[in-house]
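Presented sequentially are two complexes of chain A, the first with chain B as partner and the second with chain C.
This part shows the complex of A and B:
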């Protein structure tokens, strides 16, 4: 019997070995390496060994005004797009969670942006928001008469985040909707029936039954969308490249610029480490915070 | 009471329809712009039906702009990449689900702990590793292998639960009948796990087919480019020609859309469970 279990251990090891080797080589090792690199000055020339400089990269980073600007823009992106996706996703989910004609088709269409790649939808949005002849300006100026002149979405620093926010919300509604639909369907029918027997109206039922029972779904969406929001990259990279004058620079594009345009690998690694610590802390904080209020 | 309810239903339908227009219109607009001649790309008011419609943009993009080549490259990277990724993930998940080995639960906790590590943290060292070996740069094989190795943690986590839910007795009786461990896995378990595997295939396909950033770092010469790199190159030119760009994006998005409409059930599951990726 002993022999058999040893044999099974060996067989099991063989099953997981290829996957674990690639996991350790391609995830764990790079994580450690990122931390190590952030304490070094790297030269583009591989012949010159990296120089240990301690916390120099971090010191420089915290005095770097562009880093703070990128952080601010990233946080703003999260603050705008996360509530936007949650609110609209919830709205669509509530509307679809009844006997509507064409439920499946609606779900399919609302979900379409989720499965389309960021490169493609970012290109589309850049075209929609074009200054002259863009359909957004056409709607605002010529149809609705809300503005008197074309808005220069991508060359006016105060406006440049708007298309990026819009795309972020538009692309995420389908996902948010789907998660809320799953949450709504998990609420037992009896609760609603009991509420109706007690004479509760639609509004009371929504606030007293639906919302409290959706709480775990809210927390899940909040955490996932916040992580996703901090990771915003391709929409900015494709539409504005961080410009004009860094008005749309976010953490990921700034890291990309430092690492892959200036070849400051150590500095870029320091940005990515700070980024990681930040996202990790916020996600944990959200989890703990909302768990506590639940009890 | 009854008419009130009817009116509520109608207004809900109207809201949903308006929303659906907002969700679908950008795709429609991309499609019709890909059929426009250059002179009609920025007309005011915008043309909502292309007149005259032309297929020239597609021919130009496919031939002159090399998208035929990029399409082929995307396929030659995605197909083996997905196969490798799914195979590695399934092997790993099955090992965790059915076998015992040293440090099993410790390693599994590590997998879960690293699930939310952003790709951003990994990419500089990953690039360093690859560029240390010159032959890995500008090599499609590199992208296939790295695509295959990506996301193992999530996939193993996702599949383990599914494998554990399968009835053990079938595997045991197959073993008694003389199947070896790999045969049990390949001929018995994998077919039973088809729904989960399909979900994983879709997740993996989307990730690899659409990936731009990593391949653009590795694949430097034009003849190795994939579709997203080709699209970005068209966009990066001095005069941005949207009708051509959108012919290019149509080529890239069509396979995704076909698979989406055919396998929507798995797709919805895939992205919902796959959460958000960079």
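This part shows the complex of A and C:
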């Protein structure tokens, strides 16, 4: 009997090893390595060993105005797109949760942007927001007459984030809707029937039953969308490249620029470590905060 | 009677709002299709057209020539298939081990796995990973494009969750009948998990197909690049902003995902709800 259980232990270890080894080798180890790299000055020439410089990279980073600008832009992106995706996703989910016709078709259409790659949708949005001949300027100027001249979306620093926000929200509605829909369908029908018997109107039912029971869904969306928002990269990289004059520079594009265009590996690693710690802390805070309000 | 009319009005109103929103959601894709079907002389016409007035197919071959999209599509296919197979194999075995076996360090390993489900790991690991690839001499090869992505915390986690729902008595019965762990996995567990396995591989494939940053960093020559990079190359090449050709290229890159999505959409949506994976 004992022999059999040791054999099973070996078999289990054998099964888990391929995944575990590659997971530690390609994920955990690089994360640790990133921390170590951030304390070194790297030379492009691989013959010259990296030089330990302590917190030098971080000191430089916290005095780097471009870093703060990138951080500000990233936070703004999260603050605009996360509520946008949650609100629109919830609206669509609530509408779809009724007995409407063609639910499957709608669900499919709303989900389409999610499976489409960021590069492709960024290319399409670059066209939509083109200064001349773009549909957005056409609508604003010639149809709605809101502006008198074409807006230069990508060369005007004050406007450049707008296409990036719009794309972020547009691409995320489908995912947000799907998660809310799953949450809504998990609410037992009897609750609504009981509320109706008690004479509660649609508004009361929504605030007293739907919203409280959707709370776990809200937190899940908040955490996942915040992490996703901080990771914004491709829409910026494709549409503006961080410009004009760094008006759309975000943390990940700035890291990419430092590491892979200037080859400041240590500095790039320091940016990614700050990024990592920041996102991890915020995600954990959101979860803890929610748990407390639930009790 | 009054109640039902009110409800009917409500439903119709919902329908109208849903159609309006879906029109806005679909608009960019519709415009991309319109654009790709327009003759270069029409592309710059003002006001921009919502629906194509002509059916010009010349943009597609031009897009294929401008950057070598055929080769890039092949690369994307190879990379996506390899990553999917790798992720499925490691995920199924590791999930099986976590669900059905006891071994040393199981709890720590599982905790580490679970945490990474909620981490922005990609941004942090990309720089060291590139240096590792350089050291291995893997830069600009299929190895670098596929091997580092063959483990999947999500697949492992989902597989474990699914296998835990299968009663343990089944395993005991199989073992009494003389089936070993491998046989039990192949003959009993895999057939019982086909829908979830199909859903997982679909999500893995689309993830790998849409990868951009890593292939960009780790490939040097044009023959090794993937189709997503091809789209960006097309944008840069068409500096005169011939949107017709660019949109034709994006549609070519998008076609495989769309085909997959529409043929198995139900499976897709189900597994996405289960995994909560974001695009």
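Everything that follows uses one rule, which is that the second predicted complex is superposed on the first by the 295 of 295 C-alpha atoms of A that agree within 3 Å, B and C clash if a C-alpha of one lies under 4 Å from a C-alpha of the other, contacts with A are read in each partner's own complex, and residues count from 1 in each chain.
Basically, a contact is a pair of C-beta atoms (placed from the backbone, for glycine too) under 8 Å apart; a residue touches a chain by one contact, two chains touch by 3 or more.
Just so it is clear, the model here is predicted, and its values are computed rather than measured.
Under the clash rule set out above, the superposition-derived model of chain A with chain B and chain C contains a clash between the two partners. Contacts of A:212 after superposition on the shared chain: neither chain B nor chain C is touched. Look at A:110: by the touch rule set out above, it reaches both chain B and chain C. By the touch criterion stated above, A:18 is placed in contact with chain B and with chain C alike.
In the superposition on chain A, A:157 makes contact with neither chain B nor chain C.
Comparing the two complexes, residues 5, 8-9, 11-13, 15-16, 18-20, 22-23, 26-31, 33-34, 37, 46, 92, 95-96, 98, 100-101, 106-121, 123-125, 127-128, 130, 132-135, 138, 142, 170, 173-175, 178-179, 182, 224, 227-228, 230-231, 233-234, 238, 252, 255-256, 259-260, 265, 268-269, 272-273, 275-276, 279-280, 283 of chain A contact chain B in one case and chain C in the other. Put simply, chain B touches chain A in their complex at residues 9, 12-13, 15-16, 19-20, 22-24, 26-27, 29-30, 33, 41-46, 88-89, 91-92, 94-96, 98-102, 104, 107, 110-111, 114, 116-129, 131-132, 146, 148-150, 152-153, 156, 181, 185, 206, 209-210, 212-213, 217, 228, 231-232, 235, 242, 245-246, 249, 252-253, 256, 260-261, 264, 267-268, 271-272, 275-276, 278.
Across the complex, chain A is touched by residues 10-11, 14-15, 17-18, 21-22, 25-29, 31-32, 35, 44-48, 89-91, 93-94, 96-98, 100-104, 106, 109, 112-113, 116, 118-132, 134, 147-153, 156, 181, 206, 209-210, 212-213, 217, 228-229, 231-232, 234-235, 241, 243, 246-247, 250, 253-254, 257-258, 261-262, 265-266, 268-269, 272-273, 276, 278-279 of chain C.
Considering their complex, residues 5, 8-9, 11-16, 18-20, 22-23, 25-31, 33-34, 37, 46, 92, 95-96, 98, 100-101, 106-121, 123-125, 127-128, 130, 132-135, 138, 142, 170, 173-175, 178-179, 182, 224-225, 227-228, 230-231, 233-234, 238, 251-252, 255-256, 259-260, 265, 268-269, 272-273, 275-276, 279-280, 283 of chain A touch chain B.
Residue ranges of chain A in contact with chain C, taken from their complex: 5, 8-9, 11-13, 15-16, 18-20, 22-23, 26-31, 33-34, 37, 46, 88, 91-92, 95-96, 98-101, 104, 106-121, 123-128, 130, 132-135, 138, 142, 170-175, 178-179, 181-182, 220, 223-224, 227-228, 230-231, 233-234, 238, 252, 255-256, 259-260, 265, 268-269, 272-273, 275-276, 279-280, 283.
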